[in-house]
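Order of writing sets the labels: A, B, C, D, E and F. Residues in every chain begin at 1.
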């Protein structure tokens, strides 16, 4: 998607130009992974025009392979973003209807070829929300991935305003999550999509929160037996400029908890969740057998994302590891 | 329409922001007229969102009444513009499909109310080109205008890439032009829309051009007997930075010809034709009984437009009259 | 007034351009009110030049009626603003002497016509501070408003550096406040203008502050019997980037107190008080018989103003009501 | 003066910021001279505020001595500039009334001290135009300069809109020009200020122009016997983007003529005349006994000025001499 | 190289920021070729730092393969560029000494691997000019290319200020050109590097220029028998804003001549020659057996480059072919 | 040094331009002192090119005398700066090798002339770190200063990445510090350069910190008997956007401690230490016999620096004294 945002906390009406970058859930995850040196290919459908060409060049600049993108349709999705501050939250105006990817159909992408040599496939809950065709193509991809032994991860990413084509999330998502190995969501997603609430939480104990997340993880795994890990991002919205940020990971046996960061001077919080997922994919692939480190990498990476403008996270492994190692001092590096 | 353009002759791929202004044929004419002090109301259909609100504020800033605008649909049309130079022409990428105005239907606008107290209605060939509904609504407006004795003008504005809803210009336009009093077009429009070519031109006479335009004017008036004046804009494209510019007016009896301007350092040529129409409406309403002055005003106004950034012309009556009076020296006014 | 400010916390000397917007106490209140859908006309005197024209267009863009503005004189007032951060406060350099409005005289504005159909008139203590003529015209307006039953509000807005024409605030202001129904001021205004200090406050009680404001309200009402409400804005200057913000309203019987907001990352605090007044006028007109809500609206609206660049507040009723309702989380709205 | 100009050929109404530089006739000449290595002090009166401080720093950056500036009054003059193109000329809105320098009085500047060690004093016709005090101070300076044997030059610089304090140019200027050694003007100045027209020109001779300038030079020298050289700048305004540019010098015996340059893509023509004067002062001081070279330097220097943004000329001796030497090819220098 | 240039024709001293792009002879050719869809790898030596990383990302954005780049040394070369206008030429300040590539040595690049599957190798006269090591590495590459049957092209690109390491161009270049198949130069290169002047030109014939270029081509081919084609770019420097542009190609038998373009409003002329070479490589590989078309493509492509900001040409095959086809009208493409 | 920094917290790779200012330890101190009205001359060695010229103009703009600068060598040092936020620290990439000043040699500067009339000489630990020649020239200067009774101050400024020419800080620095009267450092410098640790600190007392700094001061004075005062800057890095800031001064008898400031919204922290030194030099010269006030001025001045963009501090004595006086409220000054 093309992201168009007034600079300097301006409202649209005050602006004479819009900062133009590209983003969107899956693209953001792709860039994060490429950033850490993983081989990544971004699969989508774009129109044949100069705006798509611009988008593709931006992805290549970030070391993302774009050769699996297919062409057709009329337009690339757009979102307009006003960046907020303090008590004024950021505001998104979507203009993504009738985008080329929303008009995708099964068979348009040769998933066998796409997954040749691949080990991981990531999808988000935004794709099946935009159209029946996109939901179908997503399911098609998951099935091929499952057949080929490619690990499948998803970010539930529930957006109530997107489900407009006649189906609801709880009708469509279960079929997709069934084929998924790694499930990421925030505190609301499981509830909004699957109606899963924390259960059996002893509110008199001192560990309510942990127990609550464990309960959600357990229920998700029960419902979706293929799932191996459930990860929950934890955002505390003190105000638009100051959030707290953390995450937990449930692997079926144990709940891992990352430190909580106070992000006191947010530069850009859009894409925060995606940068978590990107860090997690890197972490799970790198710190094999150490879910704590994988989680810590994901949380630290996405903490840093809040200091980076644009949807894409632009930080190095060194920078993430320095923060993971406890140095949040922000000293000048010379 | 929202116009998004990289600055400084950059290509999209080189840009990190897009200059954001608003424009479009009818809006441009409206702003021109308001600029010269005419009471103008701009009628369209826009979605209820922050981008529309921004657009409306921009029109109000230019003294255009926006209270006749109706709301509905999902999006405002967008066009992306790369400004060219010398041998590289400017490039437009349209993203206007499914705009709110393209989904307009008859009955959505209360034309009786709109034309209350009005004396002039202007439409362009772009509106009937975008959808059946827009063509219908345009015809509906013309009929009400005719009933109420409101003068109707149009800019034929043929754009071959727009006619995509199953009908062609020559099927739709005649019905609309029939109700039109003042017809503006460039050299190609009459040919492309109505198949009208210059006839009986004695190429040995030395006055070929004048005769050719007269022939086109006559044929248009024969076919559309309501028409009182036919005006043709004359652009010579030396290169993207240097155009010549003039126009002729045929009133059924006489061919008026304006001086030809050499616009040697174009700042922004988009909206040139619309600024001509705006100047013409002002001229015909102001210099009544002096079509030569009306034409001269239109040509001078639109000549100046090429020095103004954005779709909207932003010049004063004084500035136009100074140029009409022959002072093209561009001296500093202190 | 034309406001000229270096970008990005730069000092004048570091800057190569100045952000140019328009502002000033009364204009800011006008825009706030127009923003909430009230019909507002801004009355002032401006020179006939391109800078005034620019100013007027800006007001129209904000839906403010400019048809009551009169023309004459030589210049529009200017103020230069350096935006500070943390321990460096913002700095204003005024260049408003000899502005057209400072040279206004009684009789220049036809107040009978201005107030036709009007229900509210707002003035600020800045107008009578700039010249005898401006003070006279202000008094003239108040008298006509009183005669016509138009509610009169004022913001005391004491600025010691402005009173330079030979009279002091305590000589001039009482005559004006006598005709005023709603009086707004900050903690210092009552003291500086009328020498009113909190009285009879029992400092050993736990409610000193409330009692103090009540005392000020009472004294003001005693001195100015026409006054129906006294409102005090409460700013706590932790530093230039972090203020606390609240307000109280005394209606002669009861002291209403709004919640206190911590504005931890100020974008632009200039115009904060004006946005309070704008919110208050809207609130008092909308939540009739509910002064608490009117006050809460005013405080929340002006809290949000601190996140908006420029003098003018640019927030919607929805945004204010969301904050009034207790949601200060600044979450992204999609 | 503070110069405030919208960027990129925008009109004021389209702009959200103004490029802020400093300029004005005498300051521009001072910077030109300093640029070529001459020791220059700029004498004026400025208010004690941050805008003056900014101005002074800008002069120091250009190697101009600012220690003779005196302080007092309320404001620095401002001018707003819209830069035109092709048939739209640039437009200046002055806001210089009541500037500190316009309120100067004799005795405020210690000219004896200023001229200590000085060899040249330059004034322009703008100074006596703004106020009686400025005219008086200018005369005071000229007299001291004359007494001390300091060469006096002036640029007649007639601006009809400036003479507003009750006297006309032809009442005031003669007294000042009487003490002047080197007189510069454009084609209109001599006529508008002194009513001097070309005389005895034999229009059949083929050398009309040269004869005309010679006639003007002779008449000026007859009227002002102190004058040693009369120089006339020759601007041909093809359009706002394309001017021709040259000059002639009459030394009482001979008319020197410089080549004529076609400046086909003007970047900024404001300050063109001042850069001519700056080049001339350098030329006359450097190429002593070679008025042709002095004139050629002046014309080439000011030709280059048209490619420099801002009032101040910013070119080197090498660059001017290269152009004087005939190389106008504009090749890249690496 | 990092290219740092003030915007808007500003001089360095006027600027507060520098536009930052990347360029340099060989990189520019690489990007041009990639632009037309050729598979291109850019080989150089860069330091391991964030500026190199930025450079590499920029190349990838332009579809250039960067996997053959080797790392080492301390810095990337920089050049500062002031863009001129009219009579003020652009000015380059080099800061490229001690760049990583200048400290390259033979053996650092595995040319056998680089040329695997390659069909073309391009080098320029800048590389051997910067250091003995760079000259050696260039020769090493040419020899491997010759051995492997890879076509070798060069741009003589003589820059007198670069040869500073103790050898002159005429000592070093012959050894390199001996292994070169396609030689490009401008009018001066052959003379400055090899002392080759036009011979036997019958100045009375009316075809001097053609004969002169043919003579140069013949002499170069005699001296360097491997050469199959000699191409000469023809730039006419009317001024910094207006150049004429063409080229000729001598294939040993025939002299092909391209049309001459008038580039009347240059946006950025740096990289013009490189874009010619890029177009030529594409042309010779595409229009095999049609040297006229290859040459025409090269000239049209580089003509268009003058309208593109930055060192890199950013035009499409369609755009070049349109201009080749004779359409230089610069009309808007919608 | 030329400082090149992307705007708005962007990373290099996201940027299309770099903000270009000048800075560097000694220059920063010079500008601070000039800012407070001290007569300051900055001594360095620069190449003869347009970038140096730009640098010199910037210093003059800040009232620093540049007439002692000598010319030679090839380049001015450059540093690239990414400004961080929250947990992402700022990042500096140095490109200063082979700068003109690093190739300085003894004898190149006529120190006798430089110190004529001088009372203070300041050097920093960066100079001897960059090359043997720079260390030698620094020592040469100190000796002449000592001979002439000029007070010598230094900022130890240890940067481990700079010492690359074969000597270590502990080999070189003692010889220089021996001739120094006033020593400034941060908490690490004394340890890293001289291996000095706090001694005899009774950790059970409540005054550990004060005792620690006193111990360091005592040891430094013992080792360098010429030293009269030791000053330590105290930075607490909460995160990149929030630091605490203070300092202590040991005069051999007493430890003075300044208040600690919370700098909660840092604009630019680079040059913070230098602005402390600049404030200290002003303080020690102004508040003679009042080291507490000198220290307080230094800490307040450098606290304010964190709100100023660029290396140079740009605050006034009034602003510093207001903060020293306890007003950190950041209220608007009108």
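Quick notes on this one:
As a convention for this text, a residue touches a chain if its C-beta (ideal position, glycine included) is under 8 Å from a C-beta of that chain, and two chains touch if they have at least 3 such contacts.
Note that the structure is a prediction, hence the values are computed from the model and not measured.
Looking at B-C alongside B-D, one finds more C-beta pairs in contact between the chains of B-D. A repeat of the A-C interface exists among C-F, D-F or B-C; more than half of the contact pairs are identical by residue number at C-F. Distance between subunit A and subunit E, defined via averaged C-alpha coordinates, is recorded as 44 Å. In subunit A, the residues touching two or more other chains are 7, 11, 13-14, 16, 57, 61, 91, 265. Interface of subunit B with subunit E (complex): residues 8-11, 13-14, 84-92, 94, 159, 161, 237-242, 265, 269-270.
The touching residues of subunit C, counted against subunit B in their complex, run 57-58, 60-63. Those residues of subunit C lying in contact with subunit A across their complex are 7, 61, 261, 263-267, 303-304, 306-310, 314-315, 319, 323, 328-334. Listed in rising order, the residues of subunit E touching subunit F in the complex are 4, 7, 11-13, 15-21, 49-51, 53-54, 57, 74-75, 78, 80, 82, 91, 93, 95, 97-98.
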